[in-house]
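Naming follows writing order (A, B and C), and every chain is counted from residue 1.
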Amino acid sequence: MIQFMNVTKTYTNGTKALSNINLTIKQGEFVAVIGLSGAGKSTLIRCINRIHDISSGTLLVDEVDVAKLKGRHIRKFRRRIGMIFQSFNLVTRTTVINNVLVSFVPGLPLWRKLTGIFHKEHKIKALEALDKVGILDKAFVRVDQLSGGQQQRVALARTLAQNPDIILADEPIASLDPVTARIVMDDFQRINKEMDISVIMNIHHVEIALEYADRVIGIRKGEVVFDGEASQVTQEILQEIYGGKWEAEKAEMEEQAAYV
Amino acid sequence: MFDKLFPPKKMMLPGGKIVLQKRSRTPLVVLILAVCTVLSAQFTNFSFPVLFDRIHEFFTIINKMIPPDWGSLSGIWSPLLDTIKMSLLGSIIGAWIALPVAVAASSNIVQSRIVIIISKALLSLLRTLPTLVSALIATFVFGLGSMAGTVAIMLFTISYVGKLLYEQIENVDMGAFEAMESLGMTRLEAFRFAVLPQVLPGYISTSLYCFEGNVRYAAILGLVGAGGIGLLINEGLGWRDYPAVGMIILVLIVTVYAIERVSEHFRKKLI
Amino acid sequence: MNSIDKQLAAAPRNQLYLGTIAIILAALFVWSMTAVSFNQIDQNSLKIAKNIVHGLTHPDTELLFNVSKQSVLYLLLETVAIAFLGTVVGAVLAVPLAFLAASNIVPKPLSWLTRLLLIIIRTVPALVYGLMLIRVTGPGAFAGVLTVGITSIGMLAKLYVDAIEELDTRVLESMTSVGCTTFEKIRFGIIPQLMSTFLSVMIYRFDMNMREASILGLVGAGGIGAPLIFAMRSYKWDQVGSILIGLVVLILMIEFFSNKIRAKLVRG
């Protein structure tokens, strides 16, 4: 369970990214965070695994006060939280399986960390993770030879190998074409339902968000302006979240879809 | 500034349009270069008469080198191997040490500004020092012999490989690094698994290239007593035994060429 | 056997390849270790090292700043002059060789022969040229200039050749069609294309020649090398310190400016 209590985040240059956020996300939920670029979606997600520090308030993840963690404990805490990025963030010069195996690195003895020689058991676990996202056959291919959708699934497998309780996803389908985007979203949904992993996702494509997520959180200028079931989202609510720019956003999205 | 001193030339086209042409900087550059050349020539006593009068001496020496003294070949092998050993050992150790130093100098890996500044300053300081000078200093500490030469080559390798490596590291895509950190790695672990695979081919290629150059450098270190084939060259020129010097140079050319070919083969494979 | 085990078994095995390379490297390392011995390091060397560090950190400021023919500033100026004039000499000598080595200008055998000559010129160590040229000019800065000039030829010519082989020949065709003479074609078609590259290469080489010129004094060919080795041989580490500090600062400054100018040349 993730609890935001009066969380505020101000950057060192004075920009207020989040103000007075109060949220409770239960284990196993599929949450989509929507809003304009720069509204604070990314910051919200990155506070959960302490990539960003919060300025005030309390952020609890399974009763652990995230702001109070230090050094080794932050890293131990992060082991339980997977993260997926817009640009996949894989090491493209090496093979798929090597990218998945890095999930096991923090627990390894020093000589294994230095040489990069992994245990057979870990290799099997990595292959299982690849199997779950359906790209087992690509295990020994170099990442730079895969398509964008396949790369995002490698990133998903890397996260699954971590065996996380929570997956944070920062615009996971923004670099993908609509068809591939749906395949990746199906993966997210399956992982969420079958393994009871919470998914908290920033997403730009409102239609897809409404289709897949159980719950939608709308952010505008660092504040939560909507929080409810996906089925409750109406045109008026979207107008509010996107600050009257909804029509423009929608037109732009449709235009993009038309080109693909 | 230049444009204020020499305002652009105005030209009137027959149609009445006015075009501004910026004054060319070439005359000024040529003038400065010419003045510098003349001053330097005076400073260094450069004189064409002496040159034309005595340059035949130079070719006389070269003439005496050909044909080389094949009989001296047997005495060359051991110092030649020493030269190769010195450059090999210095390059291997230097390339290893360059890795941590380069990491410490990379602003995207290390967060402490002081560590970065010190490492960068150290690298450029080492790079400025001519190899022969560091070899000379090393002979005072390590005594005459290949040890001093090896140390000098190692220092140069650290500075050369280190600088190119940290430039590469700083230009690397940091996405994978962020992902590694988000799954609970320390910054050093994240470097090992996210950045190192990206820079490794460049690092090895730079080290090989540096080794090629080091063989050349190692050949002269003997002149200051730092071991290798340079000692023989020095003796040969001192005794005016030019055919022997010719032999050494011939062997050196063949060796350097062979090493360059092999190393180039592997460097091409890496890219 | 399920599909995962199958994939695991299908993993490409490059351990043999990597292992062989590792063993070769280790063998080379051990082999080259035979060249060095540590038995010459004793109490004395530690003391000398301490003296050196002390001298480098307490330089002879008198030597650094006074204005005479023995001062560091004067010697540095002489070193710069050697490097500069040497670069000019090398740059001039390299031009004909570069055209003779360019495979798009002269026949293949001639270009191959010129390249061989360039390799030979490049491999002979600078100090050997220095020792030979002293027989021509007598000891002093003049020998240094010629040495720097000859050692620059190899690299300069090689980089010139790259520029010449990338020449855009379509310009020459169009000039022929306008009716230009050969001289006009060279003056307005070729030189403008090559000039900035040549200049940039020369500045880069000047930067390197500073280092070359600073060691030529070791064989009596002028510059700051001679007083440096003299101070070392007589264990005057404070003088060594001031000379080295002057040299390092100068080389760093020249490097900084040459990088600036070259960046400007590339941008045009």
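Keep in mind that, in the parts below, contacts are C-beta pairs under 8 Å (C-beta built on N, C-alpha and C of every residue); 3 or more make two chains touch, one makes a residue touch a chain.
These figures come from a predicted structure and were not determined experimentally.
A.B. asks: Based on Cα centres, what is the most central chain?
C.D. replies: Taking the mean of C-alpha atoms per chain, the most central one is B.
A.B. asks: Out of B-C and A-C, which chain pair has the most contact pairs?
C.D. replies: B-C
A.B. asks: Could you give the separation in Å between the centres of subunit A and subunit B, each centre being the mean of its C-alpha atoms?
C.D. replies: 47
A.B. asks: Please report how many Å separate the Cα centroid of subunit B from that of subunit C, as a whole number.
C.D. replies: 6
A.B. asks: State, to the nearest whole Å, the distance from the C-alpha centre of subunit A to the C-alpha centre of subunit C.
C.D. replies: Here subunit A and subunit C have centroids separated by 52 Å.
A.B. asks: Spell out, as numbers or ranges, the residues of subunit C touching 2 or more other chains.
C.D. replies: Expected reply: no residues.
A.B. asks: In the complex of these two chains, what residues of subunit B are touching subunit A?
C.D. replies: Interface residues on the subunit B side: 175-176, 178-186, 189, 192-194, 197-198, 201.
A.B. asks: Which of the residues in subunit A end up touching subunit C in this complex?
C.D. replies: 97, 120, 123-124, 127-128, 131, 136-137, 139-140
A.B. asks: What residues on subunit A touch subunit B, complex-wise?
C.D. replies: 49, 51, 75-79, 81-83, 85, 87-91, 93-94, 98, 102-103, 105-106, 113-114, 116, 155, 158-159, 162
A.B. asks: Note which residues of subunit B are touching subunit C in the complex, please.
C.D. replies: Listed in rising order, the residues are 33, 36-37, 39-41, 43-47, 50-51, 54-55, 57-58, 61-62, 81-82, 84-86, 88-89, 92, 124-125, 128-130, 132-133, 136-137, 140-147, 150, 216, 219-220, 223-224, 227, 230, 233-234, 237, 245, 249, 252-253, 256-257.
A.B. asks: Okay, in this complex, where on subunit C does subunit B touch?
C.D. replies: Interface residues on subunit C, with respect to subunit B: 25, 28-29, 31-38, 40-41, 45, 48-49, 52, 77-78, 80-82, 84-85, 88, 119-120, 123-128, 131-133, 135-137, 140-142, 144-146, 211-212, 214-215, 218-219, 222, 228-229, 232, 244, 247-248, 251-252, 255.
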